[in-house]
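Listed below are the structures to be examined.
After this come two complexes, each holding chain A, first together with chain B and then together with chain C.
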Partner chain A sequence: MRRAALALGLVALLAWPWASPRYFVFLASLSLVNAIVAIGLNLLSGYTNQLSFGHAGFLAVGAYTAALVTTRWPDVPVVVTLAAAALVTGLVGLCLGVPCLRLEGLYLAMATLAFGFVVVEAIMNLDWLTRGNDGLRVPAARLGPWALSTDTARYYLVVAVAVVMVWAALNLARTRTGRALLAIRESEIAAQASGVHLARYKALAFVISAVYTGVAGGLFAFVVGFLSPDAFDVFLSVDYVAMIIVGGLGSVPGSIVGAVLLTVLNDSLAGFQNYRPLIFGTLLIVSMLFMPGGVASAFRFLKGERG
Partner chain B sequence: MTTAALIHVIVSGLATGSIYALVAISLVIVYNATRTLNFAQGEILMVSTFVGFTAYQRLQLPLVVVLPVAVVAAAALGWAIERLIIRHAISATHFDVLILTLGLSLVLRSAAGLVWTHDEFPFPPLFTNRPVALGPVRVAPVSLGIIGAALALMLALYLLFAHTRLGRAMRAVAQNQRAARLMGISVERVYSASWMLAAVVGAIAGVLIAPVIFLSSKMGLVAINGFIAAVLGGFGSMPGAVVGGMLLGVIENLAPLYLPSGIKYSVPFLVLIAILLVRPGGVVGRPVRRKV
Partner chain C sequence: MRVHWAWLVALCALLATAPAAAEPGVTDTEILIGGSNSFSGPLAFTGEQITKYGVELYVRVVNDAGGIHGRKVRTVWYDDAYRPQDSVANTKKLVEQDNVFAIIIPQGSPPVVATLDYLEEQKVPLLFPYQSSPVTRGKRGIFQGMTLSDRSSKMMVDYLAGQRKYKKFAALYQDDEYGKSFLGAFEKDLGRFHLKLVAAESVKRGVTDVSAQVAKLQAAKPDVTFLVLVPGPAAQALKERQKIGWNDTLMVSTGPLTDERYLALAGEAAEGVEGLSLWPDPVTSELPGVKVYREHMQKYFPKNEPNRYSIAGYFAGMLFAEGATRAGKSLTRESLVTALQGIRGWESGILPPLTIGPDHETQKQGFWVRVEKGRFKPITDWLKAD
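Entry: the complex of A and B
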C-alpha cells in the first residue's frame, strides 16, 4: 500500500512536465527547491528546537556560490557545483552555529535574523564579486555534454536532488544522529544525561540544516536564472518559517506539503501583492491557534492516530 | 573632526537612541508580563501613529491632538491583541507565541498598506529642524525635543513602576507569576495592562520619530533596532533597555565616521552578534543562569 503510493507519487513527479504547461514546470521546480529548504529548517527547528529567521541568508550563500562557480568554470558538472554550494554553506553554518550554541529561544531567533541581514548587506557591498544590486545572471548548469537549459531539464535535476535529500532526511530519524537530535528536542537535560554530546549535536544540526539550504540555493540559482540581493530579504526567511509551521514542526512530509502549499499560494497571489502578507500572516495565526501541529498532525488525526 | 562636530553627532545619536530605548522598554514590558518577544511591536507603533496622523489630516484637528489620539489607538490595539489572540495561547510555548506575533506583524503591516497605501508621508514636525547654537556647539532642536520627551516618559514609567499598585503588580508578575497570583494579584489584568502600556510607549516613540524618518508602513522596522537595544542592555531589564538604546544610537551614528560607508546598515546587526557572543546577558546585565 505504502510502496504503491510512493511509486505512484514518483511516476506523477516524473510525468509532470508532459502533463502541464511550461510555467507549471517552473513552479513545480520552485516548490521542490523550497521543500528542500523547509526540510533543512525543520531539521533545525523541529528536531532541536532552534528557531532560525536567517535561512534566506543560507539560501543566498548557496545560490551565489553555485552561480559564481558556474560563471568562472562553465564546464564544471552540476553535481560538483551543488557540492561546492553545500560545502560553502555548511562552513558558514558551522561558523554561525558554534557561537550560537550559547543562545536559545528568542536570542537565537534574533541572532539568525541579524545573520540574514548581514548576508544581504554583504552581497550588496561585494559588488566586484556579486555585482551587488545589478544582479547576477546564472549560466545554464552542465552535466557532462548536456547543458540543462530548458525548464524540463532543470525540473528533472531538481527532482533528482530532491528525492535524494528527502530520502536522506527520512532516514536520518532512524540513525544515531537523528535519535540524538530528537532526544534534544524532547529535553536537553535528559538527552545530556543519556550521553548525547549536546554542543556537538546542536552544531551538527546547524551544519546539516545549512547544507540542505545551500544545495537548495544552488538549485534556486539555476531554476530562477537571475540572482539579486533583494530576493533574499528577511521576508523570505519568514516564508520558510511559515512553511514549516503550516506543514508541521518535526515532520518531513509536513515540510514538503507546507512548502508546496505556500509556494503555490505565493504564486497565485502574485497579482495581489498587497494582500499577500495579510493572507500569510492570517495563515500563521490560524494554524498556530487551531492547528499547532500543522498539516502533518491533521493527517495523523484523520488516520486515527493520536498526535 | 572638531569636538563641536563630534558633539553634534553624539547628540543626534542620543536622539535616535532615545527612540530605540522607548521601543526596547515597550518590548521589555510585554516580555516581563507574558514572556513573549512581541514581533508586532513595530507595527503597533506604526498603526497608532497613522491613526493619529489621520485624525490630524482628515478631521483637521490641531497638531497637539495627534499624540493623545495615537495613544488611545495604541491602547485599544494592545488590549485587543492581548485579549483576542495572545490570551488564547497562554499555555503554548514561547516559540508558538513568537510565531503568533510574527503573523500579527505581517497582518498589521499589510492592512496598514491597504488603508493608507505603502507611500511615505511627511509628518508635521513637533520641533523645528533648524540648528541652534549652544556656545560653539550646534544642535537640532528636534534632537533635544526627542531626548527631552523620551526622558520625561522614562521618568513617568519609573514613577509608575516604583510607586503605584499597578506598577508593583507588574513587577511582581515579572518576578514570579505563581507567587504574584497567590498574593491576590490578577495576573490576567497585568497581562492586559502590560500590552496596553507597551503599545502606548511605542505610540509615543512613533509620534516622536515620524517627523524624522517619514510616516510609512515600513516604519515598524525601527522595532528591530529596539530589539537589539533591549538585548544590548540585557533583555528584561528596563534600565538596561535605556542604556542599550542610547549606546546603540550613538554607535550607529559614530560608526560611519570611522568605517567604510557601505557597512552602515549592518552596524546594529554586527553589534547584536558581537554582544550575543561576548556577553549574552547584556552589557549591564548579569549572566543568565538556568535552573534545572
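Entry: the complex of A and C
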C-alpha cells in the first residue's frame, strides 16, 4: 500500500511537466526547493527543539556558493556544485551551531535572527565577490554535456535532489543519530542520562540542517537564475518557520506539505498587491488556531491516531 | 447547400481575425499589459503610485475615450516585495498564465535584471522599467524608463562646470551600480573640462550615519558636492552638513534623488540645495500636460495627491498608448517596438518633445532646480544631453 502510494507519487512528480501548464513547472521547482529547506529546518527545530529564524542566511550561503562556483568554472557538473554548496553551508552551520549550544528558546531565536542579517550584510559588503546590491546572474547548471537551461530541465534536477534528500531525512529517524536527536527533543536531561552526547548531537543537528538548506540554496540559484541580498530578507526566514509550523513540527511529509502550501499561497496572493501580507498573515493565524499540530497532526487525526 | 456557405463564411471570418487573436494579450476588444512591482516591502509606496495611480490613471483616461483602435486596455499587477525570486515568478506568470502583451514599469534593479534574460528569450517587450542601471541598454525589446546615469551626468557637469564655472567637485555616492555608474560618468565628463573629482566617499546601502564621509569631504574643500544617494542617507548628509556648519559647498542631487520625499526628510537642511530634476513639479507646474494630469487625478482618484511617482507611471501609460496607437489596428509586439522606436518630436506636455530612436531611451532631459521654502524651484529650462 505504502509502496504503491510512493510509486504513484514519483510517477506524478515525473509526469508533472507534461501534464501541467508551463508556469506550474517553475512553481513546482520553487516549492520543492522550499520543501528541502523546510525539512532541514524541521530536523533542527522539530527534532532537537532549536528554533531558527536565520535559515534565509543558510539559503543565501548555499545559493551564492553555487552561483560563484558556476560562474568561475562553468563546466563543473551540477552535482559537484551542489556538494560545494552543502560543504560551505555545513561549515557555516558548524560555526554558528557550536557557539549557540548554550542558547535556548528566545535567545537562540535572536542569535539565528542576527545570523540572517549578518549574512545579508556580508553579501552587500563583499561586493568584489558577490557583486553586492547589484546582484549576480547565475549561469545555467551543467550536467556533463547538457546545460540545464529550461524550466523542465531544472525541475528534473530539483526532483532528483529532493527525492534523495527526503529519503535521507526519512531514514535519519531510524539511525542512531536520529534516535539521539529525537531523545533530545523529548528531554535533554533524560537524553543525557541515557548516554547521548548533548553538545555533539545538537551541533550535528545544526550542521545537517545547514547542509539541507545549502543544497536547497544551490538549487534556488539555478531555478531563479539571479541572486541579490534582497532575496534573503528576514521575512523569508519567518516564512520557513511558518512552513514547518503549518506542516507540523518533526514531520518530514508535513514539511513538504507546509512548504508546498505556503509557496503556492504566497504566489497566488501576489495579485492582491498591498493586501498580500495581511491575507497571508491572517491565514497563518487561522491555520495555527485550528490546526495547532500542523497538517501532519491533522492527517494523524483523520487516520484515527490521536495525539 | 446553404448551410455549407454559412460554414465557409464563418471559417473565413475566423481566419480573418486569426492573426490578431494570435498575438498574446491582444484580442478584438482588449489589450492586456501588466507588471511585477513592489506593493509591499521597502518601495511599496513608489510601486503603488507608479502602477495603480500612474499607469492605471492614464489607462482609465484612454478607456473612457474609447480605447486604442477600439480595444480597451486592461492591467494586471503582482506584488514582488522587491524580491528577485518573486519578480521572476510573477513575470513568468504574467507571460505564461495571463498572456500579457507587454510588461510595463517594473521597479528596481534587482527585480528587473532578474527577469531580463527570460523576457528577451520570450520576446516580450519590457516597457519603461523604473530603474537607472544601464544593463537594459541595447536590447531590442526594452525601452528604458528612467534617465540613465551617463546622460544625467553630462547635463549636470555641462551646466555646473560649463555655465556656472565651478572647478572643484566631490561626490558622496551609494556603493552599488547606481552610485558607481554615476561616479564613472562624472569622471569622464569632468575630464572634458580638464577637471577631476577631488574626493569621493561611498555609502553602503541601508546605512544612515554618514558623518565620517561628510567630514572627509569637507576636508577636501570642494565647490560642489554631488549626492548620488537615496532619500534617507541624502537627507542625513544635509543635516550633518548643517550640524558641522559646512557652508562653502554647493550640494547637488542627482535625478533619481531629486524628489519630494528627500525634501521632506531633510526639512530646513535642504534650503538652498540644488539638483537635476527629471520631472516638472507635479503639484505646482503650469505645463499643459501636468495640468491635465492633475485634472485626471482629481477626476479618477481625488483622494490621491499628485506626486512624482504617479506622474512617471502616467507618462509610461501615455507613451504605451502612443506606441500602440501608431502600431495600428494589427497590433503585435514587433509592431509596437517599431512604432515606439519611430517616435519623433512627440509632445506630451509633460516632458520636452521626445524622439526615441534606436537608443530606446524615453527620458533624456532634465532641468535645474534650487530648493526654496521647501519646494523645488526651476532655475533653468530643459538642459541638453546629446
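Simple rule for what comes next: the second predicted complex is superposed on the first by the 306 of 307 C-alpha atoms of A that agree within 3 Å, B and C clash if a C-alpha of one lies under 4 Å from a C-alpha of the other, contacts with A are read in each partner's own complex, and residues count from 1 in each chain.
Please note the rule applied: contacts are C-beta pairs under 8 Å (C-beta built on N, C-alpha and C of every residue); 3 or more make two chains touch, one makes a residue touch a chain.
All of these numbers come straight from a predicted model, not from anything done at the bench.
**Student:** Contacts for A:226 in the overlay, against chain B (first) and chain C (second): which applies, first, second, both or neither?
**Tutor:** In the superposed model, A:226 contacts chain C only, not chain B.
**Student:** One more residue to check, A:109. First (chain B), second (chain C), both or neither?
**Tutor:** In the superposition, A:109 contacts chain B only.
**Student:** Which holds for A:238: it touches chain B only (first), chain C only (second), both, or neither?
**Tutor:** In the superposed model, A:238 contacts chain B only, not chain C.
**Student:** Scan A:267 for contacts with chain B and chain C and give back first, second, both or neither.
**Tutor:** Touch status of A:267: second partner only.
**Student:** Look at A:64 in the shared chain and tell me whether it touches chain B only, chain C only, both, or neither; answer first, second, both or neither.
**Tutor:** The answer is neither, since A:64 touches no partner chain.
**Student:** After the superposition on A, what does A:23 contact: first (chain B), second (chain C), both or neither?
**Tutor:** Only chain C; A:23 stays clear of chain B.
**Student:** Examine A:189 and indicate which partner it touches, taking first as chain B and second as chain C; both and neither are also allowed.
**Tutor:** first
**Student:** A:284 in the overlay: touching chain B, chain C, both, or neither? Say first, second, both or neither.
**Tutor:** A:284: touches chain B, not chain C.
**Student:** Scan A:125 for contacts with chain B and chain C and give back first, second, both or neither.
**Tutor:** Both partners, chain B and chain C.
**Student:** From the superposed pair, tell me which chain A residues show up as contacts to chain B and also as contacts to chain C.
**Tutor:** 124-125, 274, 276-277
**Student:** Give every residue of chain A touching chain C within the complex, in rising order.
**Tutor:** 21-23, 26-27, 30, 124-125, 127, 132-135, 137, 220, 224-228, 230-231, 233, 235-236, 266-267, 269-274, 276-277
**Student:** So in the complex, the part of chain B that touches chain A is made up of which residues?
**Tutor:** 37, 85, 88-89, 92, 94-96, 98-100, 102-111, 113-114, 118, 224, 227-228, 231, 235, 262-263, 265-266, 268-270, 272-273, 276-277, 280, 292
**Student:** Per the contact definition, I'd like the list of chain C residues that touch chain A in the complex.
**Tutor:** Its residues touching chain A are 36, 39-40, 44, 48, 52, 76-86, 88-90, 92-93, 96-97, 109-111, 113-114, 117-118, 133, 175-177, 204-206.
**Student:** In the complex, go through chain A and note every residue touching chain B.
**Tutor:** Where chain A meets chain B, its residues are 49, 51, 99, 102-103, 105-107, 109-111, 113-115, 117-118, 121-122, 124-125, 189, 238, 241, 245, 274-278, 280-285, 288-289, 292.
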